[in-house]
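Below is one structure, written out as structure tokens; the observations come after it.
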């Protein structure tokens, strides 16, 4: 946890309940919190549907305020039960916790805060607190580590994809032209992303035989190069022998195994 | 099998024919059953097509009742030929076997049971009984084991995907607005799922340049993160037989499986 | 090659040129053949485009007959230059070679053989003769072997997919109903395939919130389970240690490495 | 680098700044260049949008000429600072550098060079010069090597895909016919690519039950065979460091890399 645990007293007990999941009370608190988050998210979703808002606007308003008050109390208790409240308040989850309640309070003071209320949906991220509950941490860490290891390969891959999108977007802008919906290069690039990623809305699609030929080529390319990120992540997840970053102090070459004691090239002691 | 085999007599013979595939009669029964299932499924499919129902409604009704009577006899025989009928009746396949015949019988007593008849299509699941026939069990088990091992990783992945869908759905609801088809947050989330999974119906698609930019980002993300479940399942399927680091104390060779008791080269005890 | 090489004379030389690629003449023949195939395919494609057929119908007809005569001569020479012509004629490529020329000849005798001419496009398969040219054989064999090894896993996977398609197709038929385009169960199943495979034409798409919810679920499922065939094929391509099918003659257990001499469980000699 | 570094003087200093990234000035130059490229690309994109071109045409023209002059100066300096300018001018990046400025100059002399200006977007490829900056080279090389190793497998795969597309395109042309949008075989093949790659625009889609059945088959095939390129690339990426079977003659331990000269445990000569 980012926050430190107070030494004793009520604040310590509160910390154990709110931030930890080792005690019965702590696990119960976490479960209730998840339920409250999910239900408050449901309220926001229902509130955005015109027919339902018309029918049940009062009920939804009451529920929203109920959850906001609940989360406000929780936020204050969190601030109270950590040793250094500012560290918590500035942490990722501290900010998310605040953003989950601020928009509703803002509607009291700022009249046009309509769209701001969507921000409340960031509450959904609070679910990830549940991860601390569980066996899931190591699983998440395994995926994270694989993605982290592959970071640079993925960046190189994305740069290639973006270049392809730019070049093919421009090409289709020339070939198909504005009368077939390719009204500007950015729009053609949007089409190229839609095609390369095999999404294929069909809101813009090539009409000329030449355009359809180029599009076919892009599709086959997109179909094929999906293999690259998949291969990168898979090989990072499978990889059994991580390479040490240490270079040999004698010959200076690197690429040694982490369990290597001697340089495999010159025999020098690592 | 979930059900126990009776000790002797007709019930034992019936059990061997109906539940097992070691005898000639058992294999023949299984084959006939599969044929009957496939044909009865075909009848249901044809029955749902308006033009065909108009033309051949009597024929289809006769066929449907023929298969229902057949499956009813089979169900009764299954109940009769197991030692503990209740255990069978409450097992997964027992319930499926019952649901395959109940809807047709229900039409006799309940007039409006029209839509209930769709339930009969669960018959298709009975095909999986064929798996007991065959070499397919171990293959299915291998896939199952890999999925089971990856369960938690897949859950973490799904939670991330759902959070992305919620956040991006809300964002597009604000950016595109109701006039472009993003009429509510749940509908925007539906669009986000359609886009992130690269399905891309095109029934809802972004119209504003900003919306198209965000959509492009979601598509590239969806295109990239497909690599994660693929990597998870692949690494679980690839890693089936870890190699022990232990060398044989007799011949000194290694590369043995972790479950090996004897050296595979010289037969020495490990 | 499926066909046997004659012992001597003209037939032997022809066999070397037509069926083999070890000689200069043989390689030259193969190259010319590929060019002829590609050009004749191009002629068929152009002939199917209304505007082009109107303009150049005579030229296309002349070209088509030219290629047909050429391939007919080639077919006769192939029959002549193998020791057992019937074996060749009944082999896969023998049939393809015949189907590449028959439709054009048929137009002379059968007036309505219009659609039959599409069969000529099977010529494209003759390109795979080129594989004999080359280093590609072992590559193709590697892929083939991996697919062959994975055959049963893929079948189990396809059975699961088809069951999902049936069950979800029927569900959507009930939920969305005929007024939203889900006019019959087979059509709903077609929609389910379009959705599960992430193709997503959008010619049929769910309109009700419940239908969109179920569709989202199917999409996420389709997005996730693509990982399964990928994992299966990848692990078959990666797999370094094939398992012997031999069971131990002493203890009867299997799963031994192909290089194992002794049973790893009981030490018995394999 | 393709180009050689001059021995001394101004040209050597310029070479260090423009072509290398070891000095402070070199890294600063690279950063500025990337910024200029990105901004000039942005100008081209905005210039292609009708509303923006109407409003800001003068500003965009000035910016475009500014960047063109800048890149022209850069190009001349590059020519000046390499020992053999012709080798640079004919290298890949040399041609890209020239194509990035030529179209704008051409508008002065050739009146109808409107569409030519799209060629300027090739500037985006110049970003890849940044790769020399960085740790990204080895990552890019790893991906390149995996793709290179898999070259033949991928070609065999593409040939199979194109044959499938031809055969299924022709089949759908016959089954669906011109009245359902399958107006020619090339157009049907375009549809087959759209379907097999799971893009699925929906601009052409099967209408007859038979056509939908065949389409479902193609989709399932496309959904499944995506596994093949993925498996090919993944297995090439996973298999980067084969382990030698040689044991150390001094300490007897094995698991050394094939390029190892000394034992990594005891330093003994292998």
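Lettered A, B, C and D in written order, each chain numbered from 1.
Just so it is clear, a contact is a pair of C-beta atoms (placed from the backbone, for glycine too) under 8 Å apart; a residue touches a chain by one contact, two chains touch by 3 or more.
Note that this is a predicted model, so its numbers are computed, not measured.
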Any chain in contact with subunit B as well as subunit C: A, D
Chain separated most widely from subunit B, comparing mean CA positions: D
Selected interface, B-D versus A-D, where C-beta contact pairs are more numerous: A-D
Selected from A-C, A-B or B-D, interface repeating B-C by over half of its contact pairs: A-B
Approximate Å spacing (C-alpha centroids) for the pair subunit A, subunit D: 27
For subunit B paired with subunit D, centre-to-centre distance based on mean C-alpha positions, whole Å: 40
Contacts with 2+ other chains: residues of subunit B: 49, 186, 189, 198-202, 222, 226, 230, 232, 234, 238
Touching residues (chain side subunit B, partner subunit D) in the complex: 49, 198-202, 230, 234, 238, 252, 254
Complex contact set, residues of subunit A against subunit D: 152-153, 155-157, 159, 162-163, 166-167, 170-171, 173-174, 178, 183-186, 189, 195, 198-202, 205, 209, 212-213, 215-216, 219-220, 222-224, 226-228, 230-232, 234-235, 238-239, 241, 256-257, 259-269
Subunit D-touching residues of subunit C, taken from the complex the two chains share: 41, 44-45, 48-50, 115, 118, 121-122, 124-125, 127-128, 131, 135-136, 139-140, 142-143, 146-147, 154, 158, 161, 186-187, 189-190, 193-194, 196-203, 222, 226, 229-230, 232-234, 236-238
